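We call the chains A, B, C, D and E, going by the order they appear; numbering starts again at 1 in every chain.
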Amino acid sequence: MTVYVLRRLAQTLLVLFVTSGLVFGGLYLVGDPVEILVNPQADQEERARTAAALGLDKPVLEQYGLFLKGMFAGDLGKSFVFGRPALEVILERMPATLELAFLAMLMSVGLGIPLGLYAGLYPDRKTSKAIMAGSILGFSLPTFWVGLLLIMVFAVQLGWLPSTGRGPTENVFGFSISIFSVEGLRYAFLPSLNLALFKLSLIIRLTRAQVREQALLDYIRFARAKGLPRSRVIGVHLLKNILIPLVTVIGLELGSVIAFAIVTESIFAWPGMGKLVIDSIFQLDRPVVVAYLLVVVFMFIMINLVVDVLYSALDPRVRIAEAK
Amino acid sequence: MLEIENLVTEFATRDGIARAVNDVSFELKPKEILGVVGESGSGKSVLGYSMIGLVDPPGRVVSGSVRFEGRELIGLPEEEMRALRGKRIAMIFQDPMMTLNPVLSIETQMVETVFAHESFDRAKARKICLENLELVGIASPERRLKQYPHEFSGGMRQRVAIAIALLHRPALIIADEPTTALDVTVQGQILYEMQRLVRETGAALVWITHDLSVVAGFADSVAVMYAGRIVENGRTEDVLHSPRHPYTRSLLDSVPANNIGQVRLRQIPGMTPSLARLPAGCSFRERCGHADAQCSSMPEMKTSVRCHHPLC
Amino acid sequence: MKEFLSNRIAATGLAMLMVVIAIALFAPWISPQNPYDLGKLDLMDSRLEPGGKYLLGTDGQGRDMLSAIFYGLRVSLLVGAASGVIALTLGGLLGVLAAYVGGRFESILMRIVDIQLGFPAILVALILIAVLGKGVDKIIFALVCVQWAYYARTARSAALVERGKEYMEAARGLGLSRTRIVLKHLLPNASPPLIVVGTVQVAHAIALEATLSFLGLGLPATEPSLGLLIANGYEYLLSGKYWISMYPGVALLLTILAINLVGDQLRDQLNPRLSRA
Amino acid sequence: MFFHAGNENQRPLSPSPVLELSNVSKRFSKRLDAVEKFARRLGADVPEHTVHAVDRVSFGVARGEVVGLVGESGCGKSTLGRLACGLIEPSEGQVLYKGQRPAGTQRPQMIFQDPFASLNPRMRVEEIIGEAPVVHGFVSRSELKNYVSEMLEQVGLDPSYRRRYPHQFSGGQRARIGIARALAVKPDFLVCDEAVAALDVSIQAQVLNLFMDLRENLGLTYLFISHDLGVVRHLAQRVVVMYLGRVVESAPAAELFAAPNHPYTRALLAEVPRLERKRREFAPIKGEIPSPLAPPAGCHFHPRCPHATERCAREAPVLREIAPGRLSACHLNG
Amino acid sequence: MIRPPRLLAAILLGVTVLSAQAQELSIGLSTPVTTMDPHFHNLTPNNSIAKHIFETLVHQDEQQALKPGLAESWRAVDSTTWEIKLRKNVRWHDGTPFTAEDVLSTLKRIPNVPNSPASFAIYMRPIVDAKAADPHTVILKTREAHPLLPNDLATIHIIPKKAEAMSTPDFNSGKAVIGTGPYKFAEYVSGDRVVLTVNDKYWGPKPAFAKVRFRMITNSAARVAALLAGDVQMIEAVPTADIENLRKDKRVSLASVVSNRIIYLHLDSGREKNSPFVTDAAGKPMEANPLRDARVRKAISKLIDRNAIASRIMEGEAKPAGQFLPETFHGTSRKLTPDKYDPEGAKKLLAEAGYPNGFGLTLHTPNNRYVNDEKISQAVAQFLTRGGIPTKVEAMPSAVFFSRGSKLEFSFLLAGWGAGTGENSSPLRSLVSTFDPKLGNGAANRGRFSDAGVDALVQTALTTIDDTKRGIMLAAATEKAVGELMGVIPVHYEVSTWGVRKGLAYKARVDQYTLAHEVKTSK
């Protein structure tokens, strides 16, 4: 396990380094941030001043060198647009995205596993077929489209839920969190549902496939031959075996939920970091984009690491093999 | 104690209805060991599942009766059947890698079996588990109880499975090829233990296998299955020394260990037919050296053999 | 095949897919209008309701929606299929090679795959498109970059299973060359799971392209894909001009649905464990 | 059959064995990489595994002989078979087939255990059998059809099955196709690795008969690897017994079955279920085969041996000639 | 038993009622506010928020006419000296009185805001000296005659003296946000919202709402949805697609005005030959650059049906343009009218110029900068293609577009220009004056149009203090640069539209600012 963690950490450093280089270089090629930042009225002198103020007057390699130097000191540069440390800008927006991702995962796991279980256990029932058809639909609908439909139905037509934005926040351990109040949840419901739909379908389908595979295995038959009640055969024997592969997938998907939040946040005006990064890309706010990617990549790697550790905690086979 | 009469189990397959168990009848007395011998596809495993009510769709028991300790098991409500399973009838399966749940500790898997039928406190349940592990010859059961299946060797796993089957001292144990995946030395050990345990606990045992030589010297009686039917049924010595069905005869003749010094083995022509497409009449007709016109009708089970022309 | 058609839903999916592919292939001949030719569009015909001169109405540019959907289908399928085929070939070959060659090549390649899979697809595509600019070729490139790793991983694990099988040893024992073994024996047998992953990924690619278009980073507006048509019509959704976004949306939905249905059935059929039952 | 103990100075007794293994070892090891070494320095417990699958084995097989190789699973018999076919390279020692390293078509052909996994499911029978002969130039494409038909007939299959795929055959038929594939490159020597273990008894008999016929008709030499002593007894002229990578006994079949020398061989024979026995009492040997990752010191068999002494735990016995043509590795032999 | 959906609805509805609050105005903004520092980033949404909290010396009304603000009056003492009289009895939000010192501090801080991506220094540059004559009089000296000083002062928000040394983070945290304006700072959450409360001590008219909540809803459909759902009472930048529908909707009303932003086409009139995206009619590269010929540019202008674009693409939210600014603005020409759609005339002109068979073009356009920018370009391309100039459209995000455009990589581009100061000199100087970094001219002249006559007229006008004379010169320059030489081809003026819930009223502003204190209740 130690080796494993060490290996992953070494990889993380390498990945972060490569990512920073690629994104830095890539955005340099896209265009000149000064063009987009300055007021159109600005004359050439003002443009030069801006370039100097943002450090864009230096050769790109020197800029990158400075950036790397700062990176080792934990400084990812200052946002061009906000004039604040890029990391600070991102961390400020992170709780919003994370709470959305968390709610979305909660919905997809909380609904997906039971539905998938049902569809897998009774594959021939009408309800199961309906669940599967629904899941294919959830797979096929573009997120952004569903997002607006949700707003139209639940906010504009029915008026049940707020259309956009984030509810009142509370300060929890220095982070502003909105989902601990009913009002906050009302705001978070539609966006997280929107974000959850795709994952929900995925988890339903995965669970079902797993159930159908595992249910054929001898240990299930043996558990039944022991005279165990059905609830225990399904709830313990089957479920635990299904959960193991699912944990991996859920971990990976949490990463992608965070990334896909970009779309949902744009539609629901949710002030998260996904929205921030898409704006930053369009504004060529390089420090924010680079910092975002570094933060997100770091988070992914950590999530994956946690998932792997969790995996070995759940699966005794892995646990022992590593400990030996 | 166990009476099976005209049991029929069918599977719906793509090729049509396959009768995996076809008109099977036999009886079993307490403490008796019955060897059910058949080649792959002969329906011997399905026979085992039919007895314990574990035939899953697309299969189902169509007709016949399984009377166990005076109760009819066919058509018994699931909950009553569950109460019997593991308590009065236990089953052991072939692949010891697959029968134990890989992610649950041995303790969990044993204790839950105790709790499935008794409401002891946990300490007592554990004690029963430990006793049973010892009974099947597992050293340091305290330590072993905490372990997971993958920490056991194949033979040890099968012993654990046996220990679980014995937990409630069942009256009947059905063992579906439990030693096929094991090495000969381990197989020897398991057979030895099984014999001892059956004697000690007074259970009857149905031992399903494809290997005739396993039942020799082990089982009290043997039932030979071919294409879903029992074709011959009798005391082990009788069946092995003077088989009366041509199929049993051929089977014995094709075992190399039984034919030392012969350059060529006797072989049965042709292949085992698909259960969904059996020839009319005697299923063995097309491969039998003695077949004649009479064989185009299904022979009755008479004096322990289902054949128009039993050998002497 | 017979088995395939025995499942009614899957057969419907296949039929739908055929129709969709036929439409995409023959779009220039069956469309009432060439929606890419700006000279053919009449601004005064913009936002017409369905029916009348234009069966499915027109968009803000006066583009016939029916033609736009036909052509859009062509672009979407092209993007999905081309990126799928290239990624499958590239990833499949690399994965199979990794499994066969092993050693350092395998471990380095699989690390890259892990890292690539760690990145969410949308981010990679987003950055790539932002850097590369718009265009069908660029979006295909971006999608290949996103997808190849899935194929490589699948191919490797399938090839590892196959490599351990005795027929591979037999092939070596018969003195066949490495190239021959990889191409004739390993690759064909490692491909069924690739095909299953492929159907999922093609559907995914089409959806991803639509999303990128929505974010303003997809294809050029003058040659819209289904995703771009939806994105363009998106702003009319609230105003009651539903047809501009709804019809392409339905077309996209049906396309992805068809691919998924076919993929589902393929998955069930190619899974040896399930077919045993 | 010609043996020489684990001593390199002893030359084979026969002037020209077809297959000769001298002092062959095969180790599978997992080496540490940079990160693991670093972790070790930090004090983490990172093991370096080495499995001695085959440990200094020497023997030869003469032309026309049938040698049975027996042992429990994990004893290294399959690895030995693969070494003999040149499918893997020995870590130490030498494998010579007709005086050369087995390579190309100049090597023993292997017959595999699993009739399902041993045939490429995406090739037609014609291709499976004909691929290698065409590639190696034994036959031209135009002759292929006849050649494949000939091979199929040789193994007792209908030549009209040429265009079918493996999944259209039963287990026994597949085993025959596997044999035909091997025969198609005109080998003199077949290594059969549990070749009948997966087959039903009735089919097993058919395939065993086929092996006997082929030997007669083509003058083949066999190395017959099996855990089933009954099968080995039926076929082999000589038997080699392996335990945890080492040869513990070898002898002419009749002598070995009549009077096994090594305690392991004796245990093995005692456990074989036999049909002729009356109601028997099983008296099994203790325990199971230990993990090859951590084999016991000294004689590998000593923890299970009823006759083990303190010496057995300390010192590995040498494979020595105990009678003409018989070798055994046991301290009990003095 | 209550069925789940109804139960859910009941709970949700219950809470909605509770959340409604009186006396609060909620506004949906279209672009994010990036800072609370009024001098950090010269950007419309930032300035718009700043105008609630801070004030400028000179105010502009909804038509950008200059009005007294913190300055009661201003006058040019001589051609380079201005005397500004400050309003008395104005107090900062913290209670301290407003004086000339505050103005001087503000002027000092503006050029020295660290990391500013777009500073206000450009408006300060003409000023060489600033003094306080007394606590309520400021004397400003300019390098040369600078008639636009009052316009420039209208962009500069005055901060208190004690905020001079404050950093941008101090402003963002709210600590330094002390102004004199009608609203006080309450909360700023980056990317999400700005909350302001009313300043009871404001010297001017009292705002109608005690509390204002600005929410950043950048997706336009979502913004409209929020208005329709009643989550916000007002939105800015109503998307054209929804105009027709909202007009019919009883719950809302719209306020619109022709803005100071022109959408125009710029053509490569700099390169003599080998303009990068000019081809012959068959699409083959062509050496000659037809765009240098004013007749060709005029022909292109005549090929565009501006009315069709305004009605079909913009759904009426645009006014066809014949010059840089609508006629109501100072310095515009009365003679220039939008070119009529005249394919025949265009054909003649093309033939005259030597291109009877036309030629090929690629029109480059941003796709996220102006209202319907990409669609307008497509429409323009449609018209040109039909008129014998086959035109392709290449759209890109503005980040890419402006970088490439400024590197002169295009031959034909669509862009927009908003005259921030509300005066015609701004486009004349930046768009059609000869590119000259030293003078600061032609900064946005991406077509490198150059005409000595235009340059001379603009330069003279820029130093003419007399408004009337200056106006005449600017009009003349426009007539020459646009009407005669077609240095840029004007397409239309954008119409800015706000949507408000029934019961509210907003006077639409040409400068596109959304000002809460200008929102009135109409009951």
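In this text, a residue touches a chain if its C-beta (ideal position, glycine included) is under 8 Å from a C-beta of that chain, and two chains touch if they have at least 3 such contacts.
Treat the numbers as computed from the prediction; the structure is a model and nothing was measured.
Visitor: Between chain C and chain D, which partner chains are common?
Guide: Joint contacts, listed by label: A.
Visitor: Which chain pair shares more contacting C-beta pairs: A-C, or A-D?
Guide: When the contacts at A-C and A-D are counted, A-C has more.
Visitor: Go ahead and note the Å separation of the Cα centroids belonging to chain A and chain B.
Guide: So the centre of chain A lies 52 Å away from the centre of chain B.
Visitor: Cα centroid separation between chain A and chain E, in whole Å?
Guide: Centre separation, chain A to chain E: 37 Å.
Visitor: Roughly how many whole angstrom separate the Cα centroids of chain D and chain E?
Guide: 86
Visitor: Any idea how many Å lie between the Cα centroids of chain C and chain E?
Guide: Once rounded, the distance between the two centres reads 42 Å.
Visitor: Give the residues of chain B that touch two or more other chains, as numbers and ranges in rising order.
Guide: Answer for chain B, listing residues that touch two or more other chains: there are none.
Visitor: Considering chain A alone, which of its residues make contact with at least two other chains?
Guide: 30, 148, 152, 156, 266, 281-282
Visitor: Can you pull out the residues of chain E that are in contact with at least two other chains?
Guide: Chain E, residues with two or more chain partners: 221, 225, 228, 368, 397, 400.
Visitor: Which chains are in touch, pair by pair?
Guide: Chain pairs that touch: A-B, A-C, A-D, A-E, B-D, C-D, C-E.
Visitor: Touching residues of chain A toward chain E in the complex: what are they?
Guide: 30-47, 49-50, 53-54, 78, 80-84, 89, 92-93, 96, 148, 151-152, 155-156, 158-166, 169, 176, 182-183, 186, 266-269, 271-272, 275-276, 279, 281-284
Visitor: Report the residues of chain C in contact with chain E in the complex, numbered from low to high.
Guide: 37-39, 41, 43-44, 46-47, 60-62, 130, 133-134, 216-217, 220-222, 234-241
Visitor: Under the definition above, what is the set of chain C residues touching chain D in their complex?
Guide: Touch list, chain C to chain D: 165-167, 169-177, 180, 184-185, 188-189.
Visitor: Could you please specify the touching residues of chain E with respect to chain A in the complex?
Guide: Chain E reaches chain A through residues 8-9, 12-13, 15-16, 19, 32, 34-35, 37, 40-43, 114-119, 121-122, 125, 168-169, 172, 189-193, 215-219, 221-223, 225-226, 228-231, 368, 397-406, 417-418, 420-421, 426, 430, 437, 440-441, 443-444.
Visitor: Can you list the chain A residues touching chain D in their complex?
Guide: 2-3, 6-7, 10, 324
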